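Letters A, B, C and D name the chains as they come in the text, with residue numbers starting at 1 for each one.
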Amino acid sequence: MTLSFTAALCADAEIESFLAPQAELSAMLAFETALAGAQAEAGLIPAEAAAAIAQGCAAFQPNEAALTAGLFKDGVLGPSFVKALRQSLPEAARPHLHFGATSQDITDTALTLRLKPLLAALDTRLAALIEALEALEHEQGGMRLMAQTRMQAALPITVKDKIEAWLLPLRRHRARLAALAPRLLVIQLGGPVGSRAELGEAAEAVAAGLAARLGLGNAPCWQNARDNIVEFGATLALIAGALGKIGQDAAILAQTENGALKIAGGGSSSAMAHKANPVTAELLVALARYTAGLAGTLNQALVHENERSGAAWTLEWFTLPPLAVATGAALREAMGLVPRMRFQPPTL
Amino acid sequence: MTLSFTAALCADAEIESFLAPQAELSAMLAFETALAGAQAEAGLIPAEAAAAIAQGCAAFQPNEAALTAGLFKDGVLGPSFVKALRQSLPEAARPHLHFGATSQDITDTALTLRLKPLLAALDTRLAALIEALEALEHEQGGMRLMAQTRMQAALPITVKDKIEAWLLPLRRHRARLAALAPRLLVIQLGGPVGSRAELGEAAEAVAAGLAARLGLGNAPCWQNARDNIVEFGATLALIAGALGKIGQDAAILAQTENGALKIAGGGSSSAMAHKANPVTAELLVALARYTAGLAGTLNQALVHENERSGAAWTLEWFTLPPLAVATGAALREAMGLVPRMRFQPPTL
Amino acid sequence: MTLSFTAALCADAEIESFLAPQAELSAMLAFETALAGAQAEAGLIPAEAAAAIAQGCAAFQPNEAALTAGLFKDGVLGPSFVKALRQSLPEAARPHLHFGATSQDITDTALTLRLKPLLAALDTRLAALIEALEALEHEQGGMRLMAQTRMQAALPITVKDKIEAWLLPLRRHRARLAALAPRLLVIQLGGPVGSRAELGEAAEAVAAGLAARLGLGNAPCWQNARDNIVEFGATLALIAGALGKIGQDAAILAQTENGALKIAGGGSSSAMAHKANPVTAELLVALARYTAGLAGTLNQALVHENERSGAAWTLEWFTLPPLAVATGAALREAMGLVPRMRFQPPTL
Amino acid sequence: MTLSFTAALCADAEIESFLAPQAELSAMLAFETALAGAQAEAGLIPAEAAAAIAQGCAAFQPNEAALTAGLFKDGVLGPSFVKALRQSLPEAARPHLHFGATSQDITDTALTLRLKPLLAALDTRLAALIEALEALEHEQGGMRLMAQTRMQAALPITVKDKIEAWLLPLRRHRARLAALAPRLLVIQLGGPVGSRAELGEAAEAVAAGLAARLGLGNAPCWQNARDNIVEFGATLALIAGALGKIGQDAAILAQTENGALKIAGGGSSSAMAHKANPVTAELLVALARYTAGLAGTLNQALVHENERSGAAWTLEWFTLPPLAVATGAALREAMGLVPRMRFQPPTL
């Protein structure tokens, strides 16, 4: 159930599926399995323990309510999750679980593990949207259209000019995501205070093994250096902003007085039967402004006190998920809008 | 289910209960019942129609999925809601439902109708928090405490000085909510374009009757003048900000090196058994910064195009509910924190 | 000189005159004079000292460059200002200057002392703008105008309906400023750590005397409880938001395709001679969005660490002045825009 | 003169020198000279005209007050600037000035032309700061330091661990600026509506020539696709955020009760002689939060109406310059802070 009916407008089932508690638990279990595997390989824990941990992770039935209670008590899921998982293991394996790791390692790595398919999903949508716009350009690009500068009719351009201006940032956004992925999609492994001291000389081998097993990049500890996360948030807002611009243009071009664009399936009014409201276009504008705000707030989370800030980290948790979901919603809505758009020949 | 595990930290069951779809539907039905009643009283529609509408509203079983589909199509719940409700009525009553009203009337009035208990709930929590702080002041107020200015030990003050500085804004916030309530908790009635033209000379009587029946204030149409809503958002952020300041103070006073404050039930660490983390205090800081951002974004929704802006209104929907819920969460957490706080005598 | 040419668009000479270094110095000198006067009256310092301080303040020639260097060193003007002023005094008076006060007392009181005429200036402009809109309404109110909902032509309203929707929030803003003034325009007097301990039993008398001499309200120490300041910032953004809405409406109504509004003196284009751009209307939209952002950021300054936070206070200094100035600019521009607006009869 | 004394704290003379009116005028003149040169080369205008334009640009004495008046009238400097420059030319050259260009071309290109040295200046500072931190690491890296997680003492790390966590994002920021430069530092050339139609078949040659002459990259028209600009703003906030984190750490480590860090030249208090306030560290925190807010607001400027939005563009002008300047100030302050920092051996 959503917070309100209207919350559905900034929701997105697919993007949420990567962020949902169930997905987080799966990623946390994958982390512990991979960590134990890498540590066994590095000779830090017995191979039997790693096998038992892998089995235990596969069989573990977490209690979501208890974990949420633990989250409120500890400020992070890690302690209650690890404790419950440990209790489910054979006694001999227990001391080897989560060895040399801390809650932030499991939490941050479980995040990037899910950001990987999330990024891929966004990129797939960007590609599909670009394709839809290119199809529209192919079909209607030669039509003349009155350019609007500063809200005033200016001089004629073509539909192609208009659509190219929409496409350029979208193509750059794909490149941005591709450039960001290698620095964002990396493991977090630092141990209690980020120094990996508990892992001794095997630290680098364990990190490399963990990364390889999870399909993530290897990287030094970034527990309190959140620039890649915040850059991702900024990129999300750039994407949603480009879609908001398309929405704003569409709403203006579809104005009754303008009529250069028809949007099929326009919204109806409870009082005025003649209305065909550019509902999706307006929604794109709202999503752009909403994500702009969230991205700014996420920036505040860069000010991390010392080795780990509960306050800054929690602020990141409050802002990054809705930012990703709203951007996903904007992409989905834009993908639905473009095929309903049809430019109209100038009437002169 | 929440967006993510950590979304629980900025959730609040009671505040959400006022915003949830079910509560919105009840409020929408209350609006139609009251509108019909007021219109019958004013002689605009037959008394029988009003009675049938009241009965129909009491019996109506809305289809949430269909309404959400309507929301995406029309950008607002009104059209699909009114259509479904109308179909459930006896034929003779149908033309009299929603007479002279528009989707925004039902949506905005259904909002203020629920903001009334929401405001009351916040005020109850503020009062309880003030009481808890006063109790702590009563108990420990005479103890000496080293003041901290610019993060440095300054000169001794008392616990009373500290707690009074926390209390002052909270008391002002209660006054702010009380001053805001009469201008915020009012009906919206404007008809399709805000002019109430469809209601003719009976417009003012209908408005007065609608307000009286709903227990809201009467007011001119405010469909595109959202300052009271945005002021409410600003007040919410002021409240959460005051609580963030308490949290920030508590986290600093409870530092290992400082020790002027003990917080019972501190968070545990998955790696360091000796830790007692000021988890709730940090959460209050995060909630303050989160609500600060949302309040700023809500301000963007003041730029309403003409008689009704789908974009600005939707942005309001995206920001006001989480702002109210997060502020509620902050109050709840602060109420839980204060009784766990105990100042420690200075050790010299 | 401005930061850039375009910075002139969010500048305002009158509002800046209240915030400028020279005005701050005058207010700081007024604070020291009034403090000494109140302390002499309360028997805390000799009357001769108070007289010498008053004379010294009247004659003091501050060195702005040295004060700015002191600001960077101390994070606040107080220490270098008080030191320089003290050295300018006869030796006997020196120990009595700034007695029991701290830098924050002089800084915050010098702020509210200048916010008093600043608020008055804003209110004067609001009143003038309301008058200009009422004049336009008087002149053109009866003209028919097509309402626009969700960017689509809806049903006819009148120019009066349109202008009333602009006026309502402006009238409320005047009431907001009037309600805020008594809690905002108050002295700050706390001494080094906010407890007024140095003033002993005379503290309340000194506070009352200081307030009376400065024409400000009396109030308990608010050094780290900045809700009134932040509420003022929120009110500024509400004002600018209401003007942004007027600007947005004007820009849309003046669209070439719409033509319901003519704005005299429209902007020219370097490339298109036929253009008459709604430059002022667009500027109002930009100022609304800019102030919305600043107000959100100002909210972050509520999280004040303990008795005085250099970080939070400095953030307030970065955001409140441009917020006030931009709001002043928006009022000035709106006052200039309204007389240039002329609604056009519908052409049908 | 600054807006207020405290505005000096977020000012930066070097960065401002790139944004100041005089620098903008120089860049605008460089644009017209380069455009005429490229157009002569492409055979669009006579070589004599290009030479006369180059001479005229070299000799032109702009009237800043008249240009500012033009800015208010036209919403952009271009029209009044081009008109005045044209009048200063020999009659035969006049029609060839600014041929096929529009105000946005000159304004945006004059911006990127100045962002080039601005980026270089930021990078130079980043490199110097990295060097200073590496020197500190070299000197004190081996010292033990108590890690702080969630504001509580955790386990010992080394000073090297601490400084590396500060360095990692700074190094990434240099890479970000280097990756951004080729897409940001490009010409804008679109003509009145962005289609370059006035330049005919020579358009691409003129664009290439303009870019080469100005030392900028060539790029398609980006008048209403501002993602590179907004990405630059986001990068600035990332930089300032990383510095705010250093400041936050320093302020906490330098707390009286902690004492792990001494900061030489600490701020004095007007009331407490024993204080040594971490003024610069707090300033870095304030600058981080200020720039975070500005970056969020700049994102709102992505929603550009059609071919050119006066509102969105003006919002960009209000936010990007202070964002760049505040980031420059943060870098300068951090560069000044690091050499004053000295970690203290743990006292046990």
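One rule holds for everything that comes next: contacts are C-beta pairs under 8 Å (C-beta built on N, C-alpha and C of every residue); 3 or more make two chains touch, one makes a residue touch a chain.
Since the structure is predicted, the reported quantities are computational estimates derived from the model, not experimental observations.
A.B. asks: Let me check something: if the centre of a chain is the mean of its CA atoms, which chain is farthest from subunit D?
C.D. replies: So the farthest one, by centre of C-alpha atoms, is B.
A.B. asks: Tally the contacting C-beta pairs at the B-C interface and at the A-C interface, and name the larger one.
C.D. replies: B-C
A.B. asks: Quick check: how many Å separate the C-alpha centres of subunit B and subunit C?
C.D. replies: Here the centre of subunit C sits 28 Å away from the centre of subunit B.
A.B. asks: Take the average of all CA coordinates in subunit A, do the same for subunit C, and state the distance between these two points in whole angstrom.
C.D. replies: 39
A.B. asks: What parts of subunit C, by residue number, touch at least two of the other chains?
C.D. replies: Residue numbers touching two or more other chains: 75, 149-151, 154-155, 192, 248, 251-252, 267, 269, 272, 277-279, 282, 285, 289, 292-293, 296-297, 300, 309-310.
A.B. asks: Can you tell me, using the touch rule above, whether these chains form a line, ring, star, complete graph or other shape?
C.D. replies: The chain contacts form a complete graph, every chain touching every other.
A.B. asks: Enumerate the contact residues on subunit B facing subunit C in the complex.
C.D. replies: Of all residues in subunit B, those touching subunit C are 75, 147-151, 154-158, 161, 164-165, 168-169, 172-173, 176, 179, 183, 192-195, 197, 220-225, 227-228, 230-231, 234-235, 237-238, 241-242, 244-245, 248-249, 252-253, 285, 288-289, 291-293, 295-297, 299-300, 302-310.
A.B. asks: Can you tell me which positions in subunit C touch subunit D when the two form their complex?
C.D. replies: On the subunit C side, the touching residues are 1-10, 16, 19-21, 24, 67-68, 71-79, 82-83, 98, 101-103, 106, 191-192, 247-248, 251, 265, 267-272, 277-279, 282-283, 285-287, 289-290, 292-294, 296-297, 300-301, 309-312, 314-315, 317-319, 321-322, 325-326.
A.B. asks: Using the touch rule from the top, collect the residues of subunit D that touch subunit B in their complex.
C.D. replies: 148-155, 251-252, 254-258, 267, 269, 272, 275-279, 282, 293, 296, 300
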